[in-house]
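Common to both upcoming complexes is subunit A, partnered first by subunit B, then by subunit C.
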Partner chain A sequence: MIKTSAKLSMVNGTIDMSHGAGGRAMTQLIQQLFLQCFDNTYLRQANDGVLLPRSNKRLMMATDSYVVSPLFFPGGNIGELAVNGTINDLAVGGAVPKYLSVGFILEEGFPLSDLKKIVTSMADAAKRSGVFIVTGDTKVVEKNSVDGVFINTTGIGELDDEVTLPQAPQVGDKIIINGDVGDHGVAILAHRENLSFATTIASDTAALSGLIAAMLAAAPGIRCMRDPTRGGVSAVMNEWAEQYHTCFLLNEAAIPTKMAVQSACELMGLDVLHLANEGKVIAVCPHEQIEPLLSVMRAHPLGKKASIIGDVVDEVHPGVLMTSCVGGRRLVDWVSGEPLPRIC
Partner chain B sequence: MIKTSAKLSMVNGTIDMSHGAGGRAMTQLIQQLFLQCFDNTYLRQANDGVLLPRSNKRLMMATDSYVVSPLFFPGGNIGELAVNGTINDLAVGGAVPKYLSVGFILEEGFPLSDLKKIVTSMADAAKRSGVFIVTGDTKVVEKNSVDGVFINTTGIGELDDEVTLPQAPQVGDKIIINGDVGDHGVAILAHRENLSFATTIASDTAALSGLIAAMLAAAPGIRCMRDPTRGGVSAVMNEWAEQYHTCFLLNEAAIPTKMAVQSACELMGLDVLHLANEGKVIAVCPHEQIEPLLSVMRAHPLGKKASIIGDVVDEVHPGVLMTSCVGGRRLVDWVSGEPLPRIC
Partner chain C sequence: MRFIEEFRNQAIAKKWINKIHQQVKSGRRYRLMEFCGGHTHVIHRYGINNLLPDAIDMIHGPGCPVCVLSIERIDKAIALANTPNVILCTYADMMRVPGTKQASLLKAKAKGAEVRMVYSVEDALQIARNNIQKEVVFFAIGFETTTPATAVAILRAKAEKLTNFTVFCNHVLTPVAMEALLVHSQDKAQLNGFIGPAHVSVITGSNAYQSVATQYQKPIVIAGFEPLDMLQAISWLVAMIDQGEVGVKNQYIRAVTEKGNLKAQDLIDEVLCLRAQFEWRGLGHIPNSGLALKSQYQQFDAEHRFDIQVSKSAEHKACRCADILCGEIKPKDCALFGLACTPENPLGACMVSSEGACAASYAYETSSIT
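Presenting the complex of A and B:
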């Protein structure tokens, strides 16, 4: 009596309005694509709310919607970005990411083959990080009411008792980053604008939870961490400056940046500190724990180029300053306007 | 040094791309609108992930994206719907809703005055239900890349130990609903299609957590509950039939429906059981607990018209049957196609 078994064509099929209508077509899409790719015991509960095990730890929750354009870019796609991005928001807070929800908003006519690629890479990304996609939602809107697909991921993580993040930075602390700045921003922009010289640059999208666990084990005194996504390094530093009434002094020469990224920035008049990163973490660390921290970071695949990029300094006014490569200090300001829309 | 104090105009202002760029404009929007309206100690942590207190209970997580069109409709708007909807997804699972995340995707040019109305009603809805909006995210996309505003809400709830939901329905159990069917669907459709005869119908959007707490206290044996949103009563019943290999027999004459809703359905060739509801709960309850259940429901403002609408019956094949008003039985099928796109 219940006929939900008709097979969707993942090769030539497209999304139509019925896939969001709460009827048989939606059930087919869920069963034949989402459940197959994301399969786990939680998702198989198949209720609107998913029951999760008791936890005796403090919890962390993070949410992000992803609207990146193009959907597929060198180094990744919107799906992988959506999984890694929310994992990273939890990880930089000191949490161990455990569960993700996923909300899709799909455009009528969207190719099922593309959706399958996106969903498959989400499943792979979640698996790599030991995270379960436990519940989801799919909406379909008419052609031109959304640009392809937008994805929300919301995550829950657990915090071990010994984690004391976040703490205010102290004068004398060092600022660390795990590698090259600006790759994701330039990868998207080069792909979008057809800049051939920069097409070798791939997005740095990656889940940082493994690296961060090693960092916290080696340097439990880390004051605070952030992933410099939208708004780049400058946004993270300025937010901290405001939040903690602190002054940071960055050292331009110490900020790891690929040559092609620097060239792209010069050509387009962009500041590399405003560019989004999707696999980077900035940490503020007491100077006495810097050595063990750098050594575990450099031993990790995602931290080979870990560098000290600045100091917490004693100034009257909070803010972000930088010693430039040619000497002299300048103010590192927030991005103004929107140099790179829909970067994540 | 940090200039985030310029005042946004909530009267004539509009969203521009910079409000999603991770810079100063985004910080202004967050501080002057979201933080002001949603204000609570969690949100004030102002980190990407929010730290939540330890809980020794089982947790429930639910997510939903809202794309309803129009954004403002009789009885509510997209914001209220987004808060109530996710609260309800948790409540029908037996959880006490605690925390919500909110993800906005905004169209360039969207009026700040409309956004403020939406955000204000979200704050009110959360407050009414004792739920905290603890973290959020805002993306802005170019004009015509999204239709106005889409909202994702994801919720976390706690389950008391004595809650045993969901259990399989048993032959002899009764099916209960708390009131009139189809109001939300007709409210949206009438507004969209300018059907004057049905303009008195308002959406039933409401948070069901209070009613459901009373229901579980009076009838702890309730087997399972669902809110019949997209796909309506027919989707809930068919999903259960499939999930539990059960047969349900509904009684058409017993299903509470407003006259104007019935007329609208007849005019448009719609089945009221396919229409979305946003303040209704269907419960399957052992017959011996029906009396206390109905009496607490009818004493609650959201359950005045609580009714028994059918039975779990002993048939060979799982499915959903209905005794019609004129006698005879018919099959209650899933909605097919998309009679009511973007209903939630």
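Presenting the complex of A and C:
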């Protein structure tokens, strides 16, 4: 006879080693939390590997691990970040995100109430984007082996045949971003360092798949897109400069930034271009498609402050330059060191 | 006043740049030293160096507390960090500064030393309160800007009877260093004038530089850290040079007074006293240039509490930080710059600090592209 599991206490309960040991406690956790929140036909297959429907499209796959500290921050939590982040990695490649896997590494003693909040927001985030969480894994490690919870998500998306991303930027192309830069980085930092004046800043964590679908429809000539997460705008631009042997010229005055974010940067000695974003996309677009692109972006809730922030220019060497707010030119370098460890 | 946008206004910047271009006399060179690393970074970060007339050479000075700290002091900090039961608290900039044989606090941390990055000495105090069973040492560095905070922390530790908090004091004085620079290099850099410190001067007051200016016949303009501050100060300095004017002018009137912050000066005087001499990278041993804890506060002095032993300290042989700090060469003149020495793998302190001349040059100079 199969015994039914007792109910987990989501109010006072905590994770212990048995929740990862493969026994009844683990099944309890899976059934009463993960299956309940993530429920869908694929997950209900309940096998080690999930069988996905046949697709006649090209597939794209992306993986990312999330170790952000603190786990809960203004504007979101690690769970939402883990779903949106991988969705965005697929979306900027031109794919329509379809399926996600989720792996949890939990610290012994982690409150079940916090885990429930995280899992619920993951389920909501997946639902909002029409993505199914189709398989998962849970491990529990001894106290102090991880900081609460670490999450890995892997995503699969489908690419329509018309999508030709990525292509090399051409001289004359414009660089565009969908809104304010640096919110996520400052939200985490302000929360961690108790910067009272910047606590109104919330993380910009958001799934960009909807916005990007609209962008590609309006401007099918978009050459390439990236989400400027760790390393910020400067990392994306420098990666492209190396990859495509191209020179970019940014215009500091045109880069949208909130006053509180700029103030926090002044205080902490940070460059806003180095700060992480979790709901931003940078695109390189031929200048003749820039108008329709801007108007469709500005009509979308995630692109109201879409702005042209620079140009692809003709210079001898690849790299990233910027015209400063007072008109002088300087190099935009990669961030060096770790100004903000464990930002995502 | 919002303090950011107003001082970065492009239209006003253009006016000052045009004015400076009109001011410079043909055939004349203007060698201006920005004493502070903070100014060096403003010049590069806003591309001001690319907007000035060719006749003006901006020469970076020794005003970077991380850079001027001698390698022996860095070795001592690493030795402190490696002392059993010690938590060493440091500003982030010091983590990567190379000691002898490329040791660093970051590497010591990776090997198990307890090194904590803090934003202020107040954080270090809190770590001491939270870890009563540990010895918490604050690695105090900086010019007059950071010194008052260290003094306050020591007074607070005394009031709270904290027995596990000490300070490894490396605070140094700006006006003395300015003078030492002119003596040391016998003005090899042939400086026509100085852009004076911003934040340091808030504490010291503008009068602190009068004697250097008079004795060495130099014009000094104290400037704020925003691009418009710099441009206005450069314009003033060029005018002073052209008129043969000597003395101190204060552009940074929104923060700097003649006498400075008297309360902060009193706090420093209460807790700290002059060392007979202190070693600076580049400038050597300068008399009366460094501060130590007064004897009545010696229970908070890490150099009194711990027997800090280091073997012979030595810089990387090819590193030219010393010459760079004296304004004698530019970062690009160092054979290691950008090749063996980068922010990721720094061989000298000037490549590490957010105020270092090499770091500014490496991060912002456009010459590698255009």
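Just so it is clear, the second predicted complex is superposed on the first by the 343 of 344 C-alpha atoms of A that agree within 3 Å, B and C clash if a C-alpha of one lies under 4 Å from a C-alpha of the other, contacts with A are read in each partner's own complex, and residues count from 1 in each chain.
Rule of thumb we're sticking to: a contact is a pair of C-beta atoms (placed from the backbone, for glycine too) under 8 Å apart; a residue touches a chain by one contact, two chains touch by 3 or more.
A quick note: this is a predicted structure, and the numbers were derived from the prediction, not measured.
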First, second, both or neither for A:317, with subunit B first and subunit C second: both
Broader residue contact with subunit A after superposition on the shared chain, subunit B or subunit C: B
First, second, both or neither for A:44, with subunit B first and subunit C second: neither
Touched partner set for A:329, first subunit B, second subunit C, both or neither: second
Touching partner for A:150 - first (subunit B), second (subunit C), both, neither: first
Partner chain in contact with A:230 - subunit B first, subunit C second, else both or neither: first
Contact residues common to both interfaces of subunit A (with subunit B and with subunit C): 317-319, 331, 336-337, 339
Residue ranges of subunit A touching subunit C (in the complex, touch as defined): 193, 247, 253, 259, 262-263, 266, 268-269, 315-319, 321-331, 333, 336-337, 339
In the complex, subunit C residues that touch subunit A: 2, 4, 8-10, 13-14, 17, 44-51, 92, 95-96, 119, 227-228, 231, 342-344, 354, 362-366, 368-370
Subunit A-facing residues of subunit B, complex: 1-2, 4, 16-18, 20-27, 46-67, 69, 89-90, 92-93, 95, 99, 101-105, 134-137, 139-142, 144-147, 150, 152, 154-157, 159, 166, 226-227, 229-232, 235, 238-239, 241-243, 274, 276, 317-319, 331, 334-342
